[in-house]
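Structures given as structure tokens follow.
In what follows, subunit A forms one complex with subunit B and a second complex with subunit C.
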Partner chain A sequence: MDDYGSEDVMGFQAVSRRFGSTEILKDLTLSISDGAFTAILGPSGCGKSTTLRLMAGLDQPTEGSVTMFGRDVSEKRPAERNIAMVFQSYALYPHLSVAENIALPLLMRETSAFQRLPLISKFSTSSRSKRAGIFERVKAIAEMLDLGDLLHRKPGQLSGGQQQRVAVGRALVRDPTLFLLDEPLSNLDAKLRIQMRSELSALHRRTGRAFVYVTHDQTEAMGMADRILLMLDGRVIQDGTPRSLYEQPQNTKVAGFIGGHSMNFLVLQRGATSAGGLFAGLGLSCSDPSMEMTLGIRPEHLDLDPDGPLYGKVEHVEYLGGETMIELLLDRQIGLETGSKLRALVSSARVPFGLGDAINLGCKPELVHVFESGSGERIRTGIEKAA
Partner chain B sequence: MFNLSRKSREALTDMMLAGPATLAMGMLIFIPVIIVAFLSFTDYQMGAKTLRWVGVDNYATLISDPIGRRAIVNTLLYVAIVVPFSIALSLLVAIGLHGMADWSPSFSKALRAAYFLPVAATLVAMALAWQMLLHPSIGLINMALIHVGLPAPAWFSDRGLVMYTLALIGIWQSVGYNMVLFLAGLAVIPQHLYDAAEVDGAVTVWDRFWTVTWPMLGPTTLFVAVITATNAFRVFETVATLTRGGPAFASDTLVYALYREGFVYFKVSYASAITIVFFVFVCTLTIVQYRVLQKRVHYT
Partner chain C sequence: MRQGILIRVASTIALLLGAALVLLPFFWMISISLKPPDEIFTRHVSLLPDRIAWENYAIAVTSVPLGRFLMNGVIVCSGILFFQMLFSVPCAYALAQRQFKARVVIFGMVLAGLLVPFHVTAIPIFLGLAKLRLLDSYTALILPFATSVFGIFLFRQFFARMPKSLFDAARVDGLSEGAIVWRIALPLSWPAATAFAIFSVTAHWNDLFWPLIATSDPAIATPPRGILYFRDEEAGTDLGPLMAGAMIITAPLILLFLFAQRTFIRGVATGGLRG
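Entry: the complex of A and B
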């Protein structure tokens, strides 16, 4: 796999987590590189939030160990791991002002329990001078996050986006080794989400710290992350750069999950590799004709082509603005199961046809993914692609 | 039927829903209060055919008479002990049982039921149990104290001790109810706040309590304080069954005094004055608690 950095800030060794008889994480081994922006992507219930809680130390593995810089931290509490976390619900303290919310991690670390006592904190001079120093730093962070005017407000008086910033500020204020973000943008409206996306990316560049970002939204993961761990059913099913996940999905599950429009899968019959069939028509050849294969083609990689090997009748047309999604019922041809359908995304300017028209579609051979039908795994050897 | 506008029909529905209860409130509470307030300025006695306006004489008597003053001071003392101790104790128990529910739900439930029992049981019967427990010579508690070589106090007949004994029973009686309220309050504190506190470095139980539990329980605590205080002001059953205000009025309280003056000595006007003083105390306390604390426990 790609080299993401020299040191692993966090690692899981054969980690399992069971709640009663339900196994949420199954024998999970992974590593988070220092300084990288890693996204843990997966549908809800895949175990990604549990993974993050294990990283934070809010939960402990049933089996296996959690390490930081190679040292076992399974027994260590979040504060000892020096991680910061931004929660999906922000988890701001409603009774504290913005400034006090951001200052809390510093107060907890840098003042004694005695100095934090409700009355002592106001009247002890040592405590007061310490507080003054802390609030200077809080102010600097707040200015950076555009919260300067809101320092004395309570979280309940802020908008969702502002609350999000306060949560980020609270994570940022004490320079943690690792930032954990649990679906931090899912409660924001679409416009704000895009804005916060670039702000978080900028924050990552500025701090240079490792970020682990849990999300179910692939556009967030693809757009922000250096590396994506794609999780399904408590396992990491692919680990790589956003580009490698999109261009070389290791199996049909990854292929089906990644991509704005879901991939077309064409199940091929035995003997489909013979000359004159679809397989050859797409510019592919295979050394092992006994293999049972499924072709994966992304809708955005199909294009109108009068000589294209994929042909049939237009069944459905969806106008999406600049592009149009067409659904095709493919005609019978060698190797293809009857009733196969194909969705293609083509430029709206190139759609002079309507329902029931017969059209041809083509696709570059290097953009066709070939999977083994039974296991769904990507076939790497034995497939030749015409240049 | 009637050709009414939609607005008037809706108004009529509202009146029908709220009307009967409002009427009953007026007849059973507001009008009697006005009558009691009026009677407190007269010399009316139960069964008397005439009454005479005496101004604030009844109030003057209540405040100047050592026995009346005693009742006021005793009641305030009782409230001052029961409210903080009951709140603190029930909060501790609630936090304990709330945490216990994680590792032993059935044990936690059994203890909840046990703590709630004093609330569900008849206090008069419970008072008898306390009387037996605290009996100076054959009571279990004194026997235990003697056994370990401590002095055995006369819980109900020592004039300096009797109010504290009653307050103890008052605390015991109210802890269960307050605990249920606190448990409800604890149940709605979102777990993510504890997670955040943990990440922020609130490692000790003490830090987590001050960072999350106590502030988040603010509204519950205010409610518990108001309920406990008004109930404590009304202390009557234990006094009536255990001490009858004695020895020598050492455990006389406002409500017991009003019962004695009104229904034993038939001095209705004097009892009315006591009632009004009681009413003013409870109202003032409640208003002050809400005014002072409401802003500090709701955070929006």
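Entry: the complex of A and C
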């Protein structure tokens, strides 16, 4: 597997979490490498936030253990784990100014309860000098995040993007070992989201700390992360680099989820592997002809080719600018179920045809994914792909 | 258009009548407090005195230790409010934002507690305080009200509407549950706190029932209890100074309400934090 660094900041060992009788996380084992940007990607409701709360120590697993640097931290409160968290709703304290919001974690960590008492905090000199030191650091962080002029505002007086920065500042100020971000950009408008994406990536590079970034948006995960944990129904169904998720999906669920345009799946009938069939036409051969298989081909990997093995009538054309999505009703041929459809993304410059025209499409053999029809698992052995 | 104006005129008149009905006893009190004795018991009813008798106020202040009564009122009410806040705010926070087994049962008990009038529990409490030899003390006036199910209920409703992530953020920032209560939850619910303070202070400032049962020493009499000494000393006839005394003891409450009016109405009406 890929090398993400030597030590794991955070690990789950066979963690499950039940609320009442519903099991939200099922036997989850994972590790977060130090210094890496890890995305937890999955549709909403799959248990991403629950996972993050377990990492933070805001919630306890029903079974299994949570470790940091190999040591069990189940008994440790969030502050003791030295993690920072950015919430989807930002969760800023509405009654405190920007400066006080950012300063609160430091104040709690570095002053005693006695020094924080209302009167003592004003008049004790030790408390005052500590506060001055904290405020200096808060100011530095605020400058870095372009919040320098807003230190005395209340969160209610800030725009969404500024609130987001304050939330990041509050996470940053205590120099945590692990940053947890729960869909931090989902409340921003599209333009700001793209800008904040690159700012967060820059922040990760600058701090060199481990980031765990929860999102349901695959473009965010693919674009920012070193590594993606793809979650579905309380399980991690694939764990790898964005590239490996795209190029080597382990099953049809991953294959269907990852990618800008959803993958075409062609269910093959028995005997599809024989000579003259579609299977052979695509340049594939198989050592076990009894296997039931499903082919997966991404629309962007199909191309117009007069000799291509996939042919049929154009049913629908969608012009997308530089590219055009065409939907094809495939003609009968050996191994293919009748009524199979195929979506293909081709360069708009190459579309001289219209509805009802017959065309041929081709695909490089190495870009065809082969899955077992029953389980949906990727078939790794016994498939030969012509060069 | 015309119909709209008619409806507005009618509803304004109805509201004015309602307000007059509510305010009449109050004006009556002011009026009597300013009337000389011979004008109070006359056959014809007049709201305005012919001659303004300021001396009623002088008699009220000098014939009984009114200053002392007001002081007692302040001590008792602030003592009660202090303990009610001290106990009901954390309790409400636990009921609203923490998960524990008996949560539903305890909240049910709080709701049930709202239905039990104090008069039902007054006798057992009186007997208990008597056994402890605590009657006739500030303790006797404060202790029975140190917790308030109404306060718990009011704050719980307020806290339950606050977003959970706010408290999670505070936990991540290193605040203990206690610190969350006093540094986050309470400051965010000051409309509720103001409303509660006004309810609590008015109820206990005006309370006559319990001071009458639990105390007999004039030195610790609260204002309404103290007012009764007019009757004792003057055989119940001296209405002018009595009303003047009543004016003096209600004035602080009215001032308090006027100062906190806006927050109070916000606390009662919305009970809400901006989303």
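Annotations
What we mean here is this: the second predicted complex is superposed on the first by the 386 of 387 C-alpha atoms of A that agree within 3 Å, B and C clash if a C-alpha of one lies under 4 Å from a C-alpha of the other, contacts with A are read in each partner's own complex, and residues count from 1 in each chain.
Definition applied: a contact is a pair of C-beta atoms (placed from the backbone, for glycine too) under 8 Å apart; a residue touches a chain by one contact, two chains touch by 3 or more.
Because the structure is predicted, anything quoted here is derived from the model rather than measured.
After superposition on subunit A, the partners subunit B and subunit C are seen to clash. In the superposed pair of complexes, A:Pro78 makes contact with subunit B and with subunit C alike. By the touch criterion defined above, A:Arg332 lies against neither subunit B nor subunit C after alignment on the C-alpha atoms of chain A. When the two complexes are overlaid on their common chain A, residue A:Gln157 makes contact with subunit B while staying clear of subunit C. Shared-chain residue A:Tyr93: touches subunit B and subunit C both. Once the two structures are superposed, subunit B and subunit C can be ranked by residues of subunit A touched, with B on top.
Comparing which residues of subunit A touch subunit B with which touch subunit C, the overlap comprises 53, 56, 58, 77-79, 83-85, 87-89, 91-95, 104-105, 108-109, 156, 170.
On the subunit C side of its complex with subunit A, the touching residues are 163, 165-166, 168-175, 179, 184, 187-188, 273-274. Chain contact summary for the complex, subunit A toward subunit C: residues 53, 56, 58, 77-79, 83-85, 87-89, 91-95, 104-105, 108-109, 156, 170.
Only residues 53, 56, 58, 77-79, 83-85, 87-89, 91-96, 104-105, 108-109, 113, 116, 118, 154-157, 170 of subunit A touch subunit B when the two sit together in their complex. Within the complex, the subunit B residues that touch subunit A are 190, 192-193, 195-204, 206-207, 210-212, 215-216, 218, 299-300.
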